[in-house]
Amino acid sequence: MKANPFLAARYAAILLWSSFVVAPFAWALTTSFKSDSGVTSGATYIPWLQYQPSLRGWKELLHSGGAGIDVGWPFLDSAIVTLGASALSLVLGTFAAYGLSRFTYRAGFIKNSDIIFFFISQRIMPPIVLAIPFFLMLRALRLLDTIPGLILVYIALLMPIVVWVMVDFFNTVPRQIDEMAILDGCTPLQAFVRVILPNTMPGIVVAGMFCIIFGWNDFFFAFTLTFTKTQLLPVAIVALNSSVTPWWTLSASSLLAVAPLVAVAFLVERLLSRGTLAGAFR
Amino acid sequence: MSLAAENLSVAVEGTVYLDRVGFTLQRGRLYTVLGRTLAGKTTLLRVIAGLQEPDQGDVRLDGEPLSLRPIWRRNVAMVYQQFINYPHLSVVDNVAFPLLRAGWSKAAAKARAEEVLAGIGLSGFEARRPGQLSGGQQQRVALARALARRADILLLDEPLVNLDFKLREQLREEFRRLLSGEDKGIVLYTTTDPAEAMILGREMLVLHEGQLLQVGAPAQVFDQPASMTVASIVSDPPMNFVEGAIEDGAVRLRGGLTHSLPQHMRGLTAGSYHFGFRANEATIGDSAGIDGALILAEAAGSETILHVDTPLGPLVIQLEGIHSLGIGATVRVGIDDRRLFAFTPGGTLAAAP
Amino acid sequence: MRGYKYLFLLPGLLVLVSIILFPLLFTIRVSLSGWDVNQPGLNWIGGENYARMLSDNRFWEALARLDVMAIGTVLLQYVLGFALALLVWRDIRCKRFFRVLFLVPMMTTPVIMTVIWRTIFSESLGPVNDVLNRIDLPSVPWITDGAMAFISVMIVEVWQWTPFMFLLLLAGLLSLPREPFLAAAIDGAGPIRTFFRVTFPAMAPISISALIIRFIEASKILDTVYVLTSGGPGTATETSSYYIYIRGLRDFQIGYASALSFTYLVIMIVTLTIVAKLLARVLLVRST
């Protein structure tokens, strides 16, 4: 694998795919600085050469009404819902995963592995199947279009991920450590919090990140379960997606909306190379 | 302070781990529990610690059943085979952990931890993590943590079994020093190694297939094993057993060897017996004895172990020094009747030299 | 001690059961009613909705479309993801940079990126057709032609989710033991033979997990279709989820949509179990 022609081809392939990855961002970036003629007379790419750049798209980001949109509130709502649901899912899921790792549960013919399967199988559920009953349920509870209502729904979606990640992590900690902590004077709860959790921090970080990613990026449930009072960011951006909204506003808001998680991508990579998620190539 | 067990029985899915075990142990003594693998040693410790519940019977500390207290309030410390320490804490925090749980101030706990670590030869290692230590050092940290608490009961489950031979010998001496003393509470140390049990303990409990076969000082158990099973567990080098009978004032061994009745067997009635003699108490090459064919000769340290097939049955003889003998050679095995054990057909001890 | 046992599991389990199980059972009950805009509420019409579903060609066509789309995108993502993982696995400079870069699409909000893709695929004002025109190729009707719309959706899906395959497969490659590769090198195996005899078989278990997980997620596809093509043109890109959405939350025929939902769910579970078992057998056999 050290032959030179292969190496050149590899770099070429990497650059090719990289261009594909970057393309939408680059396009959105230049488009966000366009105005009128830069868009309506055909595709343009290079500022100053092909079109006059302007800050209209970015300025209108924080003005509501008209052709612009205030992304401030949706941003905030998304942050509250995502962080709230992630935190609660982490707590509930980690506790449940620990129980499933350490204790044996039995209810008739239902065993631990069945319970774990129940948790994980929730991911198979297509959102549309749940959306209708969720809609009716939240309506009955008068939680439609509210932040708590959304958090409740998101917990059901995120908890299975936490359980899936954490059960494996807990299984790698020898039970004798739990026993040692209990013999040393900890109640099972104290043993869990003081000894087991600190030793499974990487798992919690991974689970937490999955929660944040899936929570922030959800569109469908936010779409069907909120209307005016609460608006999450993906819904707000898509609402812009009409022929009325100018492309520059669209591009600017879109880039701003995806920026936070792109930053998270760099975090994920750092964890990867630190060996948290995979062994290093020895 | 006394620890008493009565009628302890544990069975899991048909396999019996403890069978009506009962004993009384006194404070300030180091007891070794000797038994082969799966004898029930670990189960016994776990029942005392509360990690496993007995199906029958109970354990009482000064008369109060331990089961009345949750595990975390039993004041029991344990050292595992597998070098268990808290990976996320430094060495000194590891040792101080149970003290903090018991309500000591941070300063007092740290001071005590450092004191114990010094006593165990680990000063200077306080800030390290267990993962950075060697096996022997990790086990010492585990021991330090167990000692720092001055627990009522200290349980050690084959703590040296995962260490190499030399380290084991060295730590054995340290452990004996560290584990004795009135302030150590009741110490239970399990092992499969008879030599270790003999060296360490003030008293020995012999466990076999869940049953407590004998309790006593090591020398006493060695000289007067209560049964053939105990004799085979405790004897290292192993004991040879030969069937025979006492008739007409003589010991007749099946296969053709006859000895006059030794002094210590004079009180026995005539009848069938099992006789036993230790491998290192037989001789080779004497004029008197029985001939057998040499099957195998192994050099073990500074001794030679011979496996000889004789009319008495296959025998194991241990000789001092290195001898080279050809396979298949005829050897004459001599038995010293003054060193013979006699066991009833049921296996219990009838007479010991 | 026993109390603690339940303290750990029950809060999470109860929350999940109440949020998921009741709605599910409720869906079944609703599917047996004729709840829609004209007669809201739970009446009882028995299996009428299911009967209607059986002759509803649009539903079954949507299902077929979904299968083609899901299988197509997942396989593409697998091949590309594997290739990418192999490319940046070792012997490349700036490994870390490229690894992050390749990861980024997965982190972005799919719908928002699709909004951007819509501008890219714009047939008159978008850059793709513009570039094609500049090299003397005709404009492609990315959105207005049935087949091309299907492909557009697939392109967006591939862009979005190949990183997932890349991530999993790279992690797998990085955890492979070195010995088999050294042995292959000593035996004089070239890169292609090494791949098929050593790398690919060793990656079988991870490949199976990755394919199954990705297939589960791909079967739910809705967001991309909603934003990019709205199921169109006509019903060219209408998947099962989208059709159920139309019937349930746009036409508000809740009873019928519930019947469709439940059937869809059952089909999904059965298919996934079969696919998972099949994949496990195929890939594991090939690796031995």
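As written, the chain order gives the labels A, B and C, with residue 1 at the start of each chain.
Assume a contact is a pair of C-beta atoms (placed from the backbone, for glycine too) under 8 Å apart; a residue touches a chain by one contact, two chains touch by 3 or more.
Owing to the predicted nature of the structure, the values given are computational and were not obtained by experimental measurement.
S.K.: Chains in contact with subunit A and with subunit C: which ones?
M.R.: Common contact partners of subunit A and subunit C, which must touch each of the two, are absent.
S.K.: Nearest chain to the global Cα centroid?
M.R.: Per-chain C-alpha centroids ranked by distance to the global centroid put A first.
S.K.: Report the inter-chain centroid distance for subunit A and subunit C in whole angstrom, where each centroid is the mean of the CA atoms.
M.R.: 16
S.K.: When the C-alpha atoms of subunit B and subunit C are each averaged to a single point, how far apart are the two points in Å?
M.R.: 61
S.K.: Could you work out how far the Cα centre of subunit A sits from that of subunit B, in whole Å?
M.R.: Averaging C-alpha atoms per chain gives centres 58 Å apart.
S.K.: List, in ascending order, every residue of subunit A touching at least 2 other chains.
M.R.: 187
S.K.: Listing for subunit B: what residues touch at least two other chains?
M.R.: Residues 70-71.
S.K.: Can you list the residues of subunit C that touch 2 or more other chains?
M.R.: 1
S.K.: So in the complex, the part of subunit B that touches subunit A is made up of which residues?
M.R.: 49, 51, 70-74, 76-78, 80, 82, 84, 86-88, 97-98, 101-102, 145, 149
S.K.: Write out the stretch or stretches of subunit C touching subunit A in their complex.
M.R.: Checking each residue of subunit C against subunit A gives 1, 4-9, 11-13, 15-16, 19-20, 22-24, 26-27, 30, 80, 83-84, 87-92, 96, 98-113, 115-120, 124-127, 129-131, 159, 167, 170-178, 191, 194, 216-217, 219-220, 222-223, 226-227, 240-241, 244-245, 248-249, 254, 257-258, 261-262, 264-265, 268-269, 272.
S.K.: Would you tell me which residues of subunit A are touching subunit C in their complex?
M.R.: The touching residues are 1-2, 6-7, 10-11, 13-14, 17-18, 20-24, 27-28, 31, 39-40, 42-43, 45, 92-93, 95-96, 98-100, 102-103, 105, 115, 118-119, 121-137, 152-153, 155-156, 159-160, 163, 187-189, 192, 213, 216-217, 219-220, 224, 233-234, 237-238, 240-241, 247, 250-251, 254, 257-258, 261-262, 264-266, 268-269, 272-273, 277-282.
S.K.: Per the contact definition, I'd like the list of subunit A residues that touch subunit B in the complex.
M.R.: Subunit A reaches subunit B through residues 174, 176-177, 179-187, 190, 195, 198-199.
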